[in-house]
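See the structures that follow.
Okay, so chain A shows up in both of these, paired with chain B first and chain C after.
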Partner chain A sequence: MSILKAKSVELPNGKTITFKRSKAPWIILVLLICFYYSVQITGFDMQVLAKRIGQFWVIIGDMIPPNWKYLNKLWQPLFDTIKMSLLGSILGAVFALPLAYFASSNMIKNKSVVAAFKFILSLLRTLPTLVAALIATFIFGIGTMAGTVAIFIFTVAYVGKLLYEQIENADLKAFEAMHSMGHTTISAFRCAIMPQIMPNYLSNAIFCFEGNVRYAAILGYVGAGGIGLMLNESLGWRNYANVGMILLLLVVTVFIIESISEYFRKKLM
Partner chain B sequence: MNSIEKQLLNEPKRIVQNVITAVILLIFIMWSLTAVDLSNFTSNGLAIAKNILLGIVTPNTDLLFTFNTNGVPYLLVETMAIAFLGTIVGAILAVPLAFLSASNIVPKPIAFLVRLFLILVRTIPAIVYGLMFIRVTGPGPFAGVLTMALTSIGMLSKLFVDVIEDLEVNILESLESIGCTPFEKIRYGIIPQLSAMFMSIVIYRYDMNLRDAAILGLVGAGGIGAPLIFAMNGYKWSEVGSILIGLMVLILIVELISNKIRNKLVRGY
Partner chain C sequence: MIKFQNVNKKYDNGYEALKDINLTIEQGEYVAVIGLSGAGKSTLIRCINRMHDISSGSLMVNDVEVSTLKGKEVRKLRRGIGMIFQSFNLVNRISSLKNVLVSFVPDMSMWRKILGLYTKQQKIEALEALDRMNILDKAFIRVDQLSGGQQQRVALARTLAQKPSIILADEPVASLDPITAKQVMTDFQRINEELNMTIIINIHHVDLALEYATRVVGIRSGEIVYDGPASEVTEQILEHIYNGKLEEELSGN
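Moving on, here comes the complex of A and B:
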């Protein structure tokens, strides 16, 4: 057990100092055990990978060149996807504000209310978007509405969590001063807290929208509308040239949206 | 006019800007509202929503507590294993890519090209990778691991790059001035600066991968998604309920633990 023994050094003045014992060997051991069992459970096999990885490149090869004729069928679903994520993100970001307000412990003094709202937010966040979309297609029927709802739920949970953390970390001096001069809590919140959290709030909402476009692209897989439907169809028919076209369009769209969002987020900061 | 009023008049007038922003936002909302399509919404939807809620309240406890390969606990362990292996493989692959796309390490053109490649990798939806890898390995958790690894690379390297570009070079210079070899510079100058942040990022990505692994089952790449979609298509709401409960509890616990570890890594408490 020599690697686990703490090192000690004797200083010139006769004092001995023992170093903190490193936990690294234990962590590595635990990781190795997890690794071993994960390999067993998932059937990870390098030989299979080495032998059959060619298939992967075959599919990629089929995607190039993409089927350009397919492009004019794609605009409508692409815009559906963007609309879905835009509406879901805007509504989600707006609804996140009151939820975050009730979930921040420095605004609401009632501890059980705060705990309840925090719990709701984290519960919503655990629901993977695709699962939410799947459930939504059962409730709202197949189409873009289901996708919008799924994105809305994710945005509320994500922006809401970041927002209540910011409200809790906000500087309360101005808020308290306004309170003491007779502002109501809501108007003091609007004038003293909102300016502090606004840049981060908007930046998070834009960032969330950016991610949502990417997520919305796959929501069609469960029937929630948008370009995912076309993707699913082309994958089903093994028409990889069409898949390549969809992916190319998606990459370009996401790149444009990402650049715009990065520009605005840099301005906000 | 007292000084307070003067200060108030000094406040910049932003009415024009605010109106323009509001109008643009409204146009976007109106445009995206066209995506809302309630024609598929029937009263059936409400019944289904009620059934899902009932299913969550009265889960199928047999499924929730059986420990064979069909029970929820095993499926959750399988999902965790997929996410774990995927994250580790992805992290190992992401480190060299991150160094190659850091503009303070390699020449600018190379960094730009690698970044473009990373955007490409990141934008392709996980489900597409999943379907491609199923052709390589056959359906099952192994395909899930490979998918997770590939999708993790994009985000991991992006976050790694931010850390690498923030490297403190003063330390390296002082190590060089006291005569350290390149190896010692890496060991004592670079690794201690990077390791905590890197580990924190990897743990965060594990958190996300767990969610994504849960949906990969929809394409047959192992994990808990496949049983979920089968149960939903078969209208077995109590099974849906037990799977959702298991998933939510697992994600909540993992998030709690990962937040604890990451706080300890980054802030030291």
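Moving on, here comes the complex of A and C:
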């Protein structure tokens, strides 16, 4: 147990200083135990992995070359997917602002209001997008409307959470000055806090949109419209050439949107 | 006119910040409030624009009883009182001009507020206020790129645009170098003389207080222990204001 023993050194002038002993060996031990049991519980088997990994390459091989003729049928669902995420993201980001305002303890003095809004936001966050989309299909029927609603809910929760944290960390000096010159709290928020949080707010909204395009692609699985519907169908038919086409199109689209988003977010900072 | 009558202020934690304050300040005076940190200087001036509530007594500002005002009336009171802070309290990410323009916002219509649309007249008034503080050339510069002295001038311009009758300044020169501090004190003097605004300054620099202010109020543990012309402040009086606590403790022992 020598590694766990506290070390002490003596300075030339006779003072002794004791170092804190490292907890790293214990942490590593706990992690190893966790790793062992997770392998046992999940039934992970190296032999199965080695035996079946070949199938992965077979499927990849089937996807190449992709079925280019299928492309014509994909544009409409692709645009549906992008429309879904764009509309859901914009509406979500807009709605996140008032929710975040009411969830900020430094703006709203009433503690129960703050707690209620924080609860709403975390409740929305715990709802997985796929589940939200599924529920939305029951309410709005199969199609892009359900997907838009699901993305809207996710965006409100995500942007709202980051936004209220920013508001709570904002510098309140200018806010105090606004109050001293007769602003209402809302007006002081508009003039003193908004300029501070705006760049991050927009950046988060764009980042969220970027992620939403990827999410939207799989929402079709639960019937919420877009390219996911085609993906589900092609996979069902084991038509890997079509699947390859869809994946290629998605990769290119996501890459383009990410590049645009990155460009604008850099500009904002 | 500002009139404190038997004003007491007790914080929620039981700390007595102001004890039986009686003080009358006429329109157009230039008053320096001096005293140790924690003596109650800041509390005193923040009661005037109701940033703090008083616990008992009466506080009249321009013939309005401040302690009973509510909501909208408080904001109306504050419209007539400017406030200057130690750390300037500007919105850092926007230009000087926009910082000055926010002083018009409370009187604007809802949609103009939301969109941040200012009239040409307001822009002219804001530029005039900047010009009065000699920083018109910095109108379109973001305030975080200005020096401390320049930022305090933007803050003064913001306050001037509000057209107050009283300016409260809480340690306005504490974070400035000595030369800039003098300039800012001169700015206050100019505003005081040219526009007849009442200036009340909390200040740690006694030399600046005596040089620029016409009246000095000395505060020690929540009580006014000196109130008189700056020209009559002597070494002994300063001793009384600053070391009184020490004297008390010594005599107590």
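Methods note: the second predicted complex is superposed on the first by the 269 of 269 C-alpha atoms of A that agree within 3 Å, B and C clash if a C-alpha of one lies under 4 Å from a C-alpha of the other, contacts with A are read in each partner's own complex, and residues count from 1 in each chain.
Here is the rule we go by: a residue touches a chain if its C-beta (ideal position, glycine included) is under 8 Å from a C-beta of that chain, and two chains touch if they have at least 3 such contacts.
Predicted model, so just to flag it, every value in this text is computed and none were measured.
S.K.: Label the relationship between chain B and chain C on chain A in the superposed model as either fit or clash.
M.R.: Superposition result for chain B and chain C: clash.
S.K.: For A:I120 in the superposed arrangement: first (chain B), second (chain C), both or neither?
M.R.: neither
S.K.: Quick one: classify A:A241 as touching chain B (first), chain C (second), both or neither.
M.R.: So A:A241 meets neither chain B nor chain C here.
S.K.: Have a look and say if chain B or chain C is in touch with more residues of chain A.
M.R.: Touching more of chain A: B.
S.K.: For A:A177, using the defined touch cut-off, is the partner it touches chain B, chain C, both, or neither? Pick first, second, both or neither.
M.R.: In the superposition, A:A177 contacts chain C only.
S.K.: In the overlaid three-chain picture, which partner chain does A:I108 touch, first (chain B) or second (chain C), both, or neither?
M.R.: Touch partners of A:I108: none, neither chain B nor chain C.
S.K.: For A:L268, decide between first (touching chain B), second (touching chain C), both and neither.
M.R.: neither
S.K.: So, does A:I218 touch the first partner chain B, the second partner chain C, both, or neither?
M.R.: first
S.K.: By the touch definition above, which chain A residues appear in both interfaces, chain B in one complex and chain C in the other?
M.R.: The overlap between the chain B and chain C interfaces on chain A is empty, containing no residue.
S.K.: Which part of chain B faces chain A closely enough to touch in the complex?
M.R.: So the residues of chain B touching chain A come out as 25, 28-29, 31-42, 45-46, 48-49, 52, 77-78, 80-82, 84-85, 88, 119-120, 122-128, 131-133, 135-137, 140-142, 144-146, 211-212, 214-215, 218-219, 222, 225, 228-229, 232, 244, 247-248, 251-252, 255.
S.K.: Taking the complex as given, what residues does chain C use to touch chain A?
M.R.: For this pair, the touching residues of chain C are 49, 51, 75-79, 81-83, 85, 87-94, 102-103, 105-106, 113-114, 116, 155, 158-159, 162.
S.K.: Which stretch or stretches of chain A touch chain C in the complex?
M.R.: Per the touch definition, chain A meets chain C at residues 171, 173-174, 176-184, 187, 190-192, 195-196, 198-199.
S.K.: So in the complex, the part of chain A that touches chain B is made up of which residues?
M.R.: So the residues of chain A touching chain B come out as 34-35, 37-39, 41-45, 48-49, 52-53, 55-56, 58-60, 80, 82-84, 86-87, 90, 122-123, 126-131, 134-135, 138-145, 148, 214, 217-218, 221-222, 225, 228, 231, 235, 243, 247, 250-251, 254-255, 258.
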